Each structure stands twice: as structure tokens, then as C-alpha cells.
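You will see two complexes here that share subunit A, one where it goes with subunit B and one where it goes with subunit C.
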Partner chain A sequence: MNKLDSAATGEHNVNFRQIGKARTRTDSPGKVFGKTPYAGDYVMPDMLHARVLRAKVPSARMTRLDVSKARALPGVAAVLTFKDLKIGTVATDIPGQTGFKRRATDQQILVDELVRYQGEPIAIVAAETVEIAQHALSLIEVDLEPVPGVYNVFDAQKPDAPKVFGTDNLVASYKVRKGDVEVGFAAADVIVENTFTTQYIEHAFLEPEVGLGWEDEQGVINIRSSTQAVETFRYIADAMGLPHSKVRIRGALVGGGFGGKCDVTVELYIALLTKATGRPVRLGYSREDSFYGHGKRHPFIINHKTGFTRDGKITASKIDITSESGPYAFMSPYVLMYATEAGPGPYLVDHVHIDSRSIATNNMYTSAFRGFGATQACIAYEQQMDEAAKVLGIDRIELRRRNLLKTGDAIATGFKVQSAVWTEECMDRAMAALGEKPKDKGAIRYGHGLAAYQQGYGRMIWLHDTAEGWVGVEMDGTVLVRSGMTDIGAGQTSSLAQIAGELLGIDMMDITVYNSDSSTTPLAGTSSASRGLYMSGNAVRLAAEAVRDRLAARAAKHFGSTADDVDFANAQVFLKSDPRQTMPFKELVAVCASEGIHRAELAIFRAPFGDWIDPETGQGQVHPDYTYGAHAVQVAVDTETGEVTILKSIGAHDIGQAVNMAAVEGQIEGGVAQGHGYALSEELIYKDGYLVTPSLSEYLCPTSMDSPRIECIVLESRSGLGPFGAKGIGEPGHTPAAPAVANAVADAIGTRVFDFPLTPEKIANAVRKARKAG
Partner chain B sequence: MYADFDLLIPEGLNQALGMIAKSKADTDIAPLGGGTNLVVEMRARGKAAATLLSVGQIADLRGIEIADGRVTMGAATTVSDILRHPRMPDVGSALFESAGVFAGQMVRNTATVAGNICCGSPAADLVPPLLALGASVTLQSQRGERTVPLDKYFTGYKTSVRKPDELLTAISWPVPAGKSASRFYKLGRRKGDAITMVGVSVFIEMAGGVCTTVRIALGAVGPCVMRAGKAEAVLLGKAPTAELIEKAASVAEGECAPIDDIRASGAYRKQQVQVLVRRLLNQTIESLS
Partner chain C sequence: MANRKMLTLAVNDTVRNVDVATNETLLETLRRVGAVEVKCGCEKGDCGACAVLLDGMAVDSCLTLTHTVGARAITTIKGLGNAEAPHPIQTAFAERGAAQCGYCTPGMIIATQSMLNNDTDTPDEADIRQALSGNLCRCTGYTKIYDAVLESAKVMRDTAAAGEMESVK
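Take a look at the complex of A and B:
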């Protein structure tokens, strides 16, 4: 039997001292006691304040731009427009530690001639105070002549559509051809076809974008900012015509990212204004700036046509996927790739046919968002499974059971997943935790819903992803970790301390971590793509192991034993064969120091490298590995008003190995709350390119009063590619939550709302329509 | 961006009335309660009255008294004060229900009753229950004092009979007597901190098997919170049968003229007026039998 076949065996249970426990994170005390500075807390003497002037219309030609009055305003230090830029564009591709040649996705930094979305920056101002900067914006004279725009993906694909991107508004497209769908459909007894749509949504992190820049004595532009990616220093340097070594990004602890702080945000404006004025410049976005100032989650339209045998086996899956890119590429090609790869879900399907495309419009541009397209795919395939179960008259869970991928099976792209696939276990555990459905009361109907998923973690393998990490031991035996990884609130730095601590026998709380400095900490890539722990955790593991090996060799000499008999715990070194033989860690370190034994290591971790999948068939490997699991939800729906109350919400995931169980649960809980909002209330509405929900009173994230207690069931197959067998969980916890809510609502009301979000009005109307139809 | 303004902090009501006496328009001196509406609007519009007069901090204006058959709340009474008052579930159950679904904890702690009425929003949640309870408001200025029934207070969208030199100082209603009950329901797009799509409140008093008082108030379905007078008339003096309740609900639906906005369509709002009026009438009458 394959040892990954069952969660129940427990045969590979191993004993860790710190790993896997629910520990207080190393970053918690600073936050709880208010000592942790965020990027917005930093100030400098002689600092200027910046503001951004944005286009008020979504599609226009700029016929006049006059900043003379703004420049003349006392207290204004600089006003920059496209005319002041050496290079007018900035890259928008995936930043990070990749050997991959960028796609041509550059975006204009400031409007040169055409405005392509509402909010596109036209000018930037630095002044002595925020008020003066704001006043200066009002003195800038801009004439914008409306140009016909295109505001939905259908119109944008018509031959006579205004061209927003390239010659045909096509930002990217892919195909997957596995088996022969016609053969598959011929073998089907029942064919089910449905279209599902999802909306634009906002990251809505607590901390809007903010940063402070200054030029130092070496002529380096330093930027302290709230970012998921210190590697954007390269794009900033390129956009300013500077050597990469002359731009330095220093992160701070981040107040939420969710993908929205992977792109360059305030950093480039700060760098340009710092260079222009020679003074430190601070730019903090208001909530409104944040709504207009960064890319959103892609809306998708996904059509599923699925063939089934009468007993519920999938015979063919034909999927058509369209995403809305907005006017610039940003992450759209990659997000579409994720959605395409994830298309048929965690099911074994022999005949797959997928066509996908990303289309440019003059609505807001879109970019990375937790789950990166696999989320939208899950919303479609999991609702489709429930609809199919209804048509087939087969229990929804049973239908999934008959089709789930098992360990060792090949996914839609033909790649055979090497790690454990425990979807079924997760599904059963989540459903069991849901318990009995309450009895309906008057207009209140109860519903249960489940969604299973497959989510890649780590980067697409053709990006050749790497991460570096450094571990060193001071002469007094204290341990330092250096990693370029940003800490976006998920416990990233804390986990690095825990990993180094486990291997060196030092408590994680006693380890100091330096992170997210693009010049002085080893570059580790972005905290995104559920790759942080996988990549940086492995880099730090490798570095800690190398240090440990050298220390163990010296300890073996001391004990007169062998290195593999030496163990490290509780700041002591001892022999496994005779634990009475001990030596304080710091004594061993002192010996090593005096003998010149190297007590530090810089390690690099390389993810599996590969080529693009076949462009004609979509066959090949996309991700290093995948996380699997399921989410179950119980709702009460008021069938007259359409209001939904989520009563229970349970995520069950095989995360390979928890490093910090409390942090894992935090990731699941946060992702689930975000999924609840995605399903029920969050929506950025663009009307002909104009955002009509530009504040948090119209854009409705769930509040604490909307959130039930979220339950986490964590399984550990120890089969992942991360440190100690961990898999990624940053995105997976979020992915199945929204479709599980949708399936629970559909179960409660006996009909389905096919377009997200499921507002009370849509639900009430669906119920009325179904009742009328009888 | 915030607008510039002066802030006056009076020591008591008399001084406040003196300060506002010279105000000719709301743009001269605007009373400031908890600021949860005013400050948000100032930021959104970048405009403020030249002077803000802090009345939310006047201690004499804060508190709930029950005496001589009336419940009287000072203007600076907060939404949390309503929730904390031990007798509120008896003397103003609809208001108590409304306070419980009002905004979130932080806003409830600072938002005042007068601010909720005077902001003039058709979606103001305390107003439907106050209308259902038959409340009146007291307006005071250096010129004197007058009492206006709440259903005569609003004159249109964000307009009222209040003069620029007047402060709303108190709200009161008769302690419900005999066999009576009231309810409120807020239909929002989420459970916390939501702007109401439809708010409905009903008050019914019964004697000898017939409805002797019927008040139905509707929020967020017209330019200001309104009474559904025709729907009330359907039940007044009658025994409330299922058919009559159904009829009253449809009449109420016909009485309102809600608009489409980003929260909901007018059609859905109308539909929900019917649903909620029927539901609240049923619940109220059931609780009386």
C-alpha cells in the first residue's frame, strides 16, 4: 500500500519539539503591546508628503495638462507628470526570485496621452504638508476628452470594439486538450451545462498602501513600504533608469496583503519624488486611493459542460473560461493559467477540453488575489458538481467520492501529483463536523454545502523559483535568521524562527529574525502564491541544517561519539544514545568560535524547474505540488427576504505538516471569512468604468457580527514539498469557502443563483421565480 | 480630506442655545452629536459648516427618564444607553430592537438619538420605531421651546421643520398602556454596520379583540421615514384577521415609492415592505394573544 493512501495510518508520525505546536508567534508581543512599527509609522526630519492626482473618467484622451499653478503654490516641492519621466513605463509582471524573462506587460507610470481606467494616475505632488499637497492637486488643470471605451468582456471581443490592449483586447489565452471530449460525451448518459459568474472584489486590507523614501549617502533610494514583494526594487530601478543596486526596499510588518501588495504601489511615486526633491517623501493612501490605486480580483465567466454516466462517473469535461483583465496585463495571464489548470477541480477526468481567455476592458485593472484564479475555478466546478448531483439524483458527497482524484492520479494537465491527495478524508471530516441539519421554521430554510478543491502552491515551474535564507549563531549562542521574505501578518517570520529553533534546539522566542530588506537580507521572493513557508522555510531549513551539521561534528568529537548521535534541544547538546551526556549549546558555540568553525550559512532553495506546458494541449507540469481539502457550511436562509446567516463553517485541509498550528488556523479562519464575504456581500461595481462602490460603506466585507466561529480540521500527510513535508495553506483555506456557501444556500432554497455575490435580493428573486415555475 | 471648522464646546444647554442663536443656516453652526454621521459626511464632501457646536457632550441632555406616563430621552442619549436601560424592552421594545441591530458596538457607543433624527436620512434606524411609538421631539432656542410630533418633523429628503437656531433637546413618547406591543426589523445587506435597505416598525394596541391603535412606519423606502397611514387604516378598529393583515401589507407596499440604488432595487424594497409589514403585524398580534 502506498504510504500516502490514508490519513488514518499515522505510521509516519514523528516527534517534533516545536514544529506543529500551536505557539504564540514571535511577532505577537510587539503587535499586542503596540511596539511594532508599520510602514506608515515611520517619519523622517525634513520629510515631504505626497499625493496622487487621478483621472476621474475611465476612457479619455488628455488634451491639456497644466501644472504651473500647482508648482507655484508655496510649500510645493515637486509636481511630476509624464513629461518629467525619463522612462514612461513600469513592468507589471510577477516580481521575485525568478530566472524567467519578463513578458511585455509594461504600464504607463503617469498618463501620457490615453486614460484607460478611472483612477489612472496623471500627476504626483510632494509638498510640506498633506494639506498643501492636496491643495496643489486641485490647482492642476487637466482636459480629458472622452474616448469611447469598452466595459464588458462581450463587447470587448467584438471586431469593432474600441481597442484597449493590443489589436484585439486579448490579454492571454490557453487550451487544455486531454483525451477526446467527443468520445467522452458520447459515453455520457447525462450532460449537465451551466454558466457561473464572479465579481470584481477588493483586498480591503486594514492598512492601505503607504511608504517613506529617502536617498542615502551612497545615492541609494531607500523605500520603507508596506509590501508583499521587496523584489519590486528591480522594476523601480528599471523604470527610473537606475542600476538595480541603487534602489533598496525595506519592508515593515504588513497590515494585510492578500495579493494586493505584490505589484508596485506607492513605491515608484515615492522614488521619483525623492529623486526629484532630494528630500524624504512619505506617501500614504487614503482608503479611497486604495480603492482606485491597486488591481482587483478578476471577474470570471465560466461555462461547464460535463458528461456523466448514470451512476455518476464523469466522462467528459468541457470548460470555457473568460476573465476580465481591465486595461493592463498585470497578473492576468498567470491568473488565467491557474484558473485553466484548476478548471475541472480535484476530479479524475479522462477527457478534458478547456478554452480560456483574458479580455481587456476599461474597467479597473486586475491582478493578484489570494488563490490567483484557482478560487474562481473552484466556484464554478463545485457549484457544477452540486447541480449535476441534482440532475443525476445522486447524493452530492457521493458524486464527488466517485470522481475524486486519488494519490498518484494525473490532473487535467496530465501531471501525476506526487504528494498525498486526501480530499476524501477532508470531505468526510468536514461533513461529519457539520452534524444534522436543523428543521426548517416558517420562511427559514437550512442548507448544507460543501466544496472540495485543488490549489497549487509555489510558483509555476517555468518561473524557476528560488529563495535564499541565512542562519547564524552568535558567539554567546544566540541565533539569528536573515530572510528577504516579507511578513504580511500570516506569521511568516515566526515560522522561520520556529524552523531554525527546531533544528538548533533553541526556543523560537529566543531567535531574532531580520527580514524583508532587499539589500541586506538574502532575497527570498514574494509572500504570495502560498510559497512563503514552502520556499523561505526550506531555505532557512537548509541553512540551519548546514550549521547544525558543523556544530554536531564538533560536538561528536567532544563526546567521543558520531555526529548522527548528537541532538539539540532546550539550548543543550546531547547524545541520543545517552542523554545524560550533555553540553550547553553556548559552550559548544564558544568552542567552534575559537576554532574558526563556520557558524553561519547562506542557503538557496530551488523549486522544481521546468518548461511551459504544451501550448496546443496544455499538457505538462504547472505547479510543484498541490494542496487538497474541503470546506463545509451550514446556513439559514430567510426565503422571503433572502437574508443568509452562516451558522457553521468548517475547513478541513491536508496541509502536509503544520509548522505553527495556531498560524495555520489563523490562515484558514481569515481565508474563510474572506470567502464568506466573496460569496455573500462583497462586490466592486463598475458602471461604464466608473466605480460606484468606492468606500467601505458600499463595499461590504463581513463584520464580526456576520461571522460564525470557524472550525479548522487540520490533517498532516507530511507529503508536501515544504519543510518537514508542509504544503501551502495561505490560499487553500480561502479557495473552497465561497462555493461551499453557495452550495449551502442552493441546498436551502432548492434553486441556485448563478452569479456572485448572492445578495438578499438575488436570493429572494430566485425563490420567487422557482415558486412561480412550480 | 477634512474641511476646516471651528469647534464650540458649551458648558451647558443654556450656553449652547446662546451660541447657536445667531445661526442663520445649517452652514453657519451645525450641532455635533456623536459625529458618526456629520464627520463622515465632512470627510466625504470636504465641506463643513463654519462652526460645529458640540451638543453630544452636554451631560444634562443625556439620559432616559420614565415619569408621568411618558418616556423622555435627552438628545445626547446614545444608542448604547438605549440598550442598557433595564426598562426599555417594556416601554419601547421596537426601539430596543432597533438599537440592537444599529451599526456596530463602537458606533452605538457614540451615536446619539438626536443625531439619528436630525441627519434626516430615510434609512435612520431609530426613526421608524420612534414613529411607531408615537414620539414627539422638543425643539429649543433662545426664542423658546416647542414640541413637534415626529411624524410632522420631516418635510422631505433631509429637510425638517427645525430652524437653524434651534436644538433638538428631547424625544418622548407615551409609556405603552393596556394591551400593546411593538416590533422593528432592519433588512440590511449584512448584519453589522449596514445601511438599511428596508426598515419596518409596527405598534399595535388592542382592546376587546380589535385594534385600537395601529402605527406602521417604513424606513428607506421614500425621501424620509414615513407612516403607512392607509395600511394602518385597514386594521384600525378591526379584529386583525389573516386576510386583513395581508391586505394591510399590500396597502403598505403601495404606499411607498422606493428608489433603486446600489444596495437594492426599488422593486425589491417594495416587495420587502409587504413581507416585513405582514411578518411584524403577525408577530405583534401573536404576542398580544
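Take a look at the complex of A and C:
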């Protein structure tokens, strides 16, 4: 374990009253009693219903588009095509608050001439009922002449390939050059080389995309939608040629996101139709729309060539990474950056050489998904470690132990990690919790697998990330929090209540949180990148501390003490030195109110700011900080059928400091289940650009039948940059789960399937092949 | 145009007269009359978010045509309990952290109640995994849902046993 002397450990390492405990979340009662309104539950008088016409083919030229019959249908209020748009494109860059965007990241809003993926929107309709809108779609006449497309990253890189993006289908590329990889390989006794591939993945949030828009008395387009990012108002305004102040996004509690609701989804169509008709418009995607209508997780091909000394020390790591972006950029360059930075994993490697690229095709476009490329990197580096252990004849855990990064070591980009690195502790705890491996029985083979990881949290530092938060006390002593942060189900708003409650001595359940309104709650950025608690938790902490300081100063006057001696708990104010001296919080607030003492604060939290990494060497700082941990899995594999049963699944993570322990465990458990599905059953299959799995009966998410009880081991180093030393955990819980399953399966069957997902067919084939060879 | 029918539906003890198309699903009808606590995740019977009880038995309301419901009592989670009089399953789901985004929760709670009504009141984890297999959750990994179901079954058994003791006395 590393010795810690981070500033965060001293100052806040106190006995918490609410922080760190497993508490019922403030949003739970509404959800279990059926009282929480989701974005799709709102209706308005005179509301219209919208539908989207999508291209049925992946690559085509539109030679005719006639909407006259649809427009003439009684009950149709508007049919919009590209001809009706003032501006034809919308930015697909990070919907954040940076105020700038990358070049070449725009996407056509509605097909102008070329269809570049199956499902690309051609026209949008608003009508009196969903049925009429649906009928109108069928009356739109479209002629699509197929043009040759490109459906895999190999073909897309050939000089004569059809051009989907730019002049060469290259969406982004990066390099990392640390040390001298040739020197490293020369020092190696053994070189291990393997290629790992991963598949397209669907978010499959239970609540499909939905929203309701209306124009208000100030001419502002309001949109209530299911989103991870209220900041998309800027993109919508830009796309419509409106001032930013004339578009307002109000979220609702979101029915799951996982990265899939970071980009603009229904909002722009709603805004356009609201503007065109002057009436409220609701657009709810069907599940099928959701499959065709938002960006997916990137498939990756990752080659690792790793040099080792005989006793297992890594001497060099050469990594080649290719991701598939589909036809539009969206967040592909950023996702690729994460994968590149994470390339060698949580290991100290002096000589690193990474080349990475994201390639455009006419398959579905790809964007953010929990883990944001670091997940795919982990799938590769952790399988590579197991393969290397086999070649070297060294125990898999021991091989990792000999190479783990420690605090102060330089990661691939040369940045020296400042916080605790407790990977080893996490590995050991997770393996110990697995216990003994059962004895094989006939065709049933048992396997153990582990994966360790490094996952950045917070935005890349050149995005200059900030979050604002507001805390105020009403005259009667009740507390309000305002934050633009969206709540996508992880307990984001509840954690803000818990933080404000801890600092002001008010129970979290008594605190009201207003969130995710781009006009009336202070902007806080997306709930993504494991940054929600880190950024907004800090903003709310700063605001609550400021309010508390002013109240404490007034209380000190009352007690005749110093402000330092004043404490807040259980809705009382008291002296630490003499807890019998108390005053109800309410009374103190009333005094402050009558004296005009400011009882509210708007605070801003700024993450560390920095510049881009060096484009030639990839050296520099990418993330503010990192979370570390490990996941261990026990599986049973039926070697005849290839069926895998996950028996035990244990996530051990250093999360810095828990705010709500139940919510932390929830993030780990949910992330793990998604990792199980990633490894074994989930796959969006595209055949020449056509999706062949557009439903939840064809795209197989884990059900309860597939899901064992997941065990969490939560360590708290209090060394993170979040409030009270917290680190991000939204993505990290997910990152190592899939490769741990893959390593367990390989352990069980004695051979490896290098191509995700590990379906029964692939496993049974691998077993047969290995038997023949053996 | 589909034919229409005037029906009397009993939703959470409230009797309503509704005019429905014969091809209308119970999910559509319920949401139309304001029972928006019933969620829509797929409209194909794949996710269970739309589950309601018909005479105590869970069904996917998206696969049920409203005109076939007849006199059966329709119960949604709002019919099970509320903040003033919570149902033990609701309490356990809240306290155990079994609801994250909460979108699957109405269906999960209904499926739990159906299992406890119809299959077993002493479920083990295997029973629970079986009973909830038609209800997808993408957030929780199911672990805290198993905890909540085990706990609520126990609370309900204990309450029933206490009630029997009471009536013996």
C-alpha cells in the first residue's frame, strides 16, 4: 500500500455524520411509490406527437423526396425535411461548456443528399396523434439509390475505399512515445503478441429517448427530455440559428443513460417541430427507434506486443489500436484518446509505443458508453497479461504484482499519478473473496479470472472543466440545493443532498434538490466521465461551506465563542468544546435573515486545467486523476455446449471516499452486470451496415437468470479529488468486469477466444480446436 | 379504423369508464388515463417495465389488449401503497437501494408481489431469479433487488404470522 499525504486526507478526515453511510436515497420514495415523473410522463394541452422517418439502407443517394401526400393528410401539422432547415447541420462534439468545438464534427440534421448509415433521419412529422404521424411517414415518397459503402475498418483504410468521412476515412489518430520501445524489446527475454477484438454494444437504458417541447411567453423553446446533458441547449440553438438564451433544456430524473443520452437525441427534432408549428410537441422513441437512433459503443481491434524479462518484468509495450466510428465523428476522437491513454493498463512500463486511429464506415455511428474507450483498452491489456503469464509460467496475479504502478509513477503519457494506487490491495482482496476453485465435473470446467484497471475520472484537462452549484437556506431553516447536474439513476441528486446535509447539519432527506434545468439551475456539465459527484459534489461542498461559514460566524457571536468552535448536526448548532451550548438551526437562520446575512451561495468548482498532450509523443496530462481496482470472477463452463455460468463476481475498488455507500455499491453492481453481458451475450450485429438485432429479444442484456449476486469490496484511501477525497466510480466499476470474465473462461477451458463476445458457439469451437491440436 | 368499445375498468380500486379501440393495449389505456407509473420499455413483452397485476397475477400490459381484461382488478404500484401506507416491497426496494434509475422498478415490484401471491412466500434466491426473469434492469445488476425481495418476503411473512397470533388470541 502507498503512504498517503494528500491534502484531502487531512482536512476532511473527520467522523462523518451522514457521508459514507449506506443511506436510503432521496429519490427512492418517489420511485417505489410510482410518483416520480419521467420525461415521457408529461403532457400539455394541444400537444402534437412526432415521429421520425429513417433511411432503411446504410449507404445511398437520395434522388427524390416528396412529402406532399404526408403534408396533405388530415391531422398532420408539419412535415420537415432538409429543405425546411435554416441550418442543415448540428455539432456532435462534447455537449459541454467549453465554448469551442473541433472541426469536422458536424452531422447533417436530416438527410440532404447522402445516407451514410441505416436509420439516418430523413424527415420529421408532427401530427394530432401518434397514429396519424405514423401514417404520414408511410406517405412520404423517398427514392434511395444505393451507393457503394464500406462496412469494416480494414476496407475503409484501403486507398480506393468509398469515402465516408473526409478524404481518407480517418476520424482521429494519436501516438504515444515514451522511452524507446526498441531498447525495451532488446532487453526482453520473451515477447508476447496478441490481437483482441470487441463488438458494437447498445446502452439499452430501460427508458427510451423521449421529450416534450413548447415555446413559452418569452419565445424560449423549452424542452423537457430524458438527457444526461442539459448543455445541449447550445447545440440546438446553434443548429436553429437562435441565441443560446432562447433554448432551455429541463431534464427529469432519467431512466438510465450509460453515455447514450449525452448526445442530442430527440431534442433537436422537438425544437424544430415546436418552432414550425407553434404548438407543444412530444417525441418518444420506440425501442426500435432507440436501437437505430443513438450512437453505440465502439468496436475496437487492439494488438499488444509486450516484452518481458524471464522473471516477469515488462520491458516494452507496443500497442496498435483501431476503433470504428461509423460515418460521423461524435465523441469518437475523445473515446480513442481514453483508449490510447489507458493502453498499457495500471502497469509501470518505461518503453511505450502506441499508435491509434478511429476509422469511419457506413455501420452505425459510435459515441460515449460508460468507460469511454478505457473499457476496451482494459479488455485487451488484461487478457494480454494472462496470456503472458501462461507463456512465462508465472502466476497471473504475481505477474501483475511485479508490474503495478504506484503513486508517483509515470503512466503511459508520462503523467505521475498523485493519488493512492491501491490496485494490489484490490487484487488480493478480490481473489481472496473468490475462495477455492471447485473441482471439474465431467464436461463442466471451473475457472477463475481477474482483471485490474486504471480509469480516469473527470474530463480531459484541456477541456477546462467547471461545475457550479448553489446552496441556500430558507427563512424557516429548510435547505435547498440547485445544480444543473442531471440525475441518471446513480443517485446524483441524493448525493448532493447528503453533502449539503453533512455540512449544514440537516438530514439529507429534509433537503430539496432542484436539478438539470439549463436556465434556472447553475450549469454543472454532463453526468458522464465519472465526473458528476467529483465536479458537482465539490461545487455544492464549496457553496455549503460558504453558507456554513457565514452562519457559524453569527452563531459564534451568539455563543461568545470563535467560529471554529461552532458545529452543525441534527438541525442544531452547538459548540464543539461544550456541546451543551446549543441553538436550533432554525433560530440561527431566523436571526441571520433579520440581519440580512446572506444565506445562499453560488460556487464554482474548477478541475485542474491544462493543455493538450504533445501530439508527437503523446506525453502530458490527460485526466485530473485515476481510480484503481480489480475484479475477480468464478465461472463454470460446459465444454460441450460452450455455456458459461458466472458463479461469483467480486469488484474491489478504491473509491477514495464513499458519499452514499449503497449508491457506490449500486454503481459497481450495475457496472459489473453490464460487463457480464459485454463479455458473454451482448452484440449489435451489423451485416453490411444493416442491424440484425434491433430488439431486446435479439440483443441480449443479462437477466436475473444470468446474474449472480455481485460482491463489492470498497476501499477508501480518501486521496481523490472529489469531495472529502472521493474518486469517480460510475465507470470504474464496469471497466474490469468483462475482461475478468474472459480470463475466467480461458482459465476454465485452457484456451482463449480472442474475439468478443464469448458466445457458446465460439467457446465450444475453441475447446474442440484445442483438443485437436493438443 | 379499429372498432371501439366502452369498458368499465377497475384500476387500483377506482372504477373507470373508458372508451377503447379493440386493438388498444392495456399499457396504452393505462397511460392514457393517467396511470403513468406504468412504464413502457419495449411494447413487445421483452422488458417487463409495463407489468401490472390482473387479479393478483403479473402480466405485461403491453401484450394485453384492454378489452380482454374484463372484470379483473388491475393493480399498479400506486395501488400497492404510498408514502403514508407503504407496502413492504416498496419499503424494502427504497431502503435496500434496489431502485437506481427506477424505470424498471414498477415492473419489478409488481413481479415480486405476483411471486409472493402465487408461487411462494418463502422464496430463495433461485426462486427470485426465476420470478424476475422477465423484468430487465440495466442499472442495478439485480443484487440489491434480490436483497429487497428477500427482505420484503420476510417482513410480509412476519406480519402475517403476527396477524394469525393476534386472531388466535
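The definition used in the following text is that the second predicted complex is superposed on the first by the 755 of 774 C-alpha atoms of A that agree within 3 Å, B and C clash if a C-alpha of one lies under 4 Å from a C-alpha of the other, contacts with A are read in each partner's own complex, and residues count from 1 in each chain.
Throughout what follows, a contact is a pair of C-beta atoms (placed from the backbone, for glycine too) under 8 Å apart; a residue touches a chain by one contact, two chains touch by 3 or more.
Note that the structure is predicted; figures quoted are calculated from it, not measured.
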Discussion item. Tell me the contact category for A:441 with respect to subunit B and subunit C: first, second, both or neither.
Written reply: neither
Worksheet item: Is A:64 in contact with subunit B, with subunit C, with both, or with neither (first, second, both, neither)?
Response: neither
Practice prompt. Using the superposition on chain A described above, determine whether A:772 touches subunit B (first), subunit C (second), both, or neither.
Written response: neither
Worksheet item: A:697 contacts which: subunit B (first), subunit C (second), both, neither?
Response: both
Discussion item. Looking at A:705 after the superposition, I want to know if it touches subunit B, subunit C, both of them or none. Which is it: first, second, both, neither?
Written reply: both
Discussion item. Contact-wise, after the overlay, does A:681 reach subunit B, subunit C, both or neither (first, second, both, neither)?
Written reply: first
Discussion item. Touch test for A:761: subunit B only (first), subunit C only (second), both, or neither?
Written reply: first
Fill in: Residues of subunit A touched, compared between subunit B and subunit C (which is higher)
C
Discussion item. One more residue to check, A:206. First (subunit B), second (subunit C), both or neither?
Written reply: second
Discussion item. Taking the stated contact definition, name every residue in subunit A that is touched by subunit B in one complex and by subunit C in the other, in rising order.
Written reply: 695, 697, 703-705
Response to the item:
Within the complex, subunit A is touched by subunit B residues 1, 40, 44, 104, 187, 189-195, 197, 262-265, 268, 271-272, 275-276, 279
Worksheet, complete the sentence: Per the touch rule above, subunit A residues touching subunit B in the complex are 130-131, 134, 640-641, 643, 645, 680-681, 685, 692-693, 695, 697-698, 700, 702-706, 759-761, 764-765
Worksheet item: Considering the complex alone, what residue numbers of subunit A touch subunit C?
Response: 22, 24-25, 27-38, 40-41, 203-208, 253-256, 258, 286-287, 488-491, 662-663, 665-666, 669-674, 695-697, 701, 703-705, 707, 709-710
Worksheet, complete the sentence: Listed in rising order, the residues of subunit C that touch subunit A in the complex are 36-37, 39-44, 46-47, 49, 76-78, 81-83, 86, 90-91, 93-97, 99-106, 109, 125, 128-130, 132-146
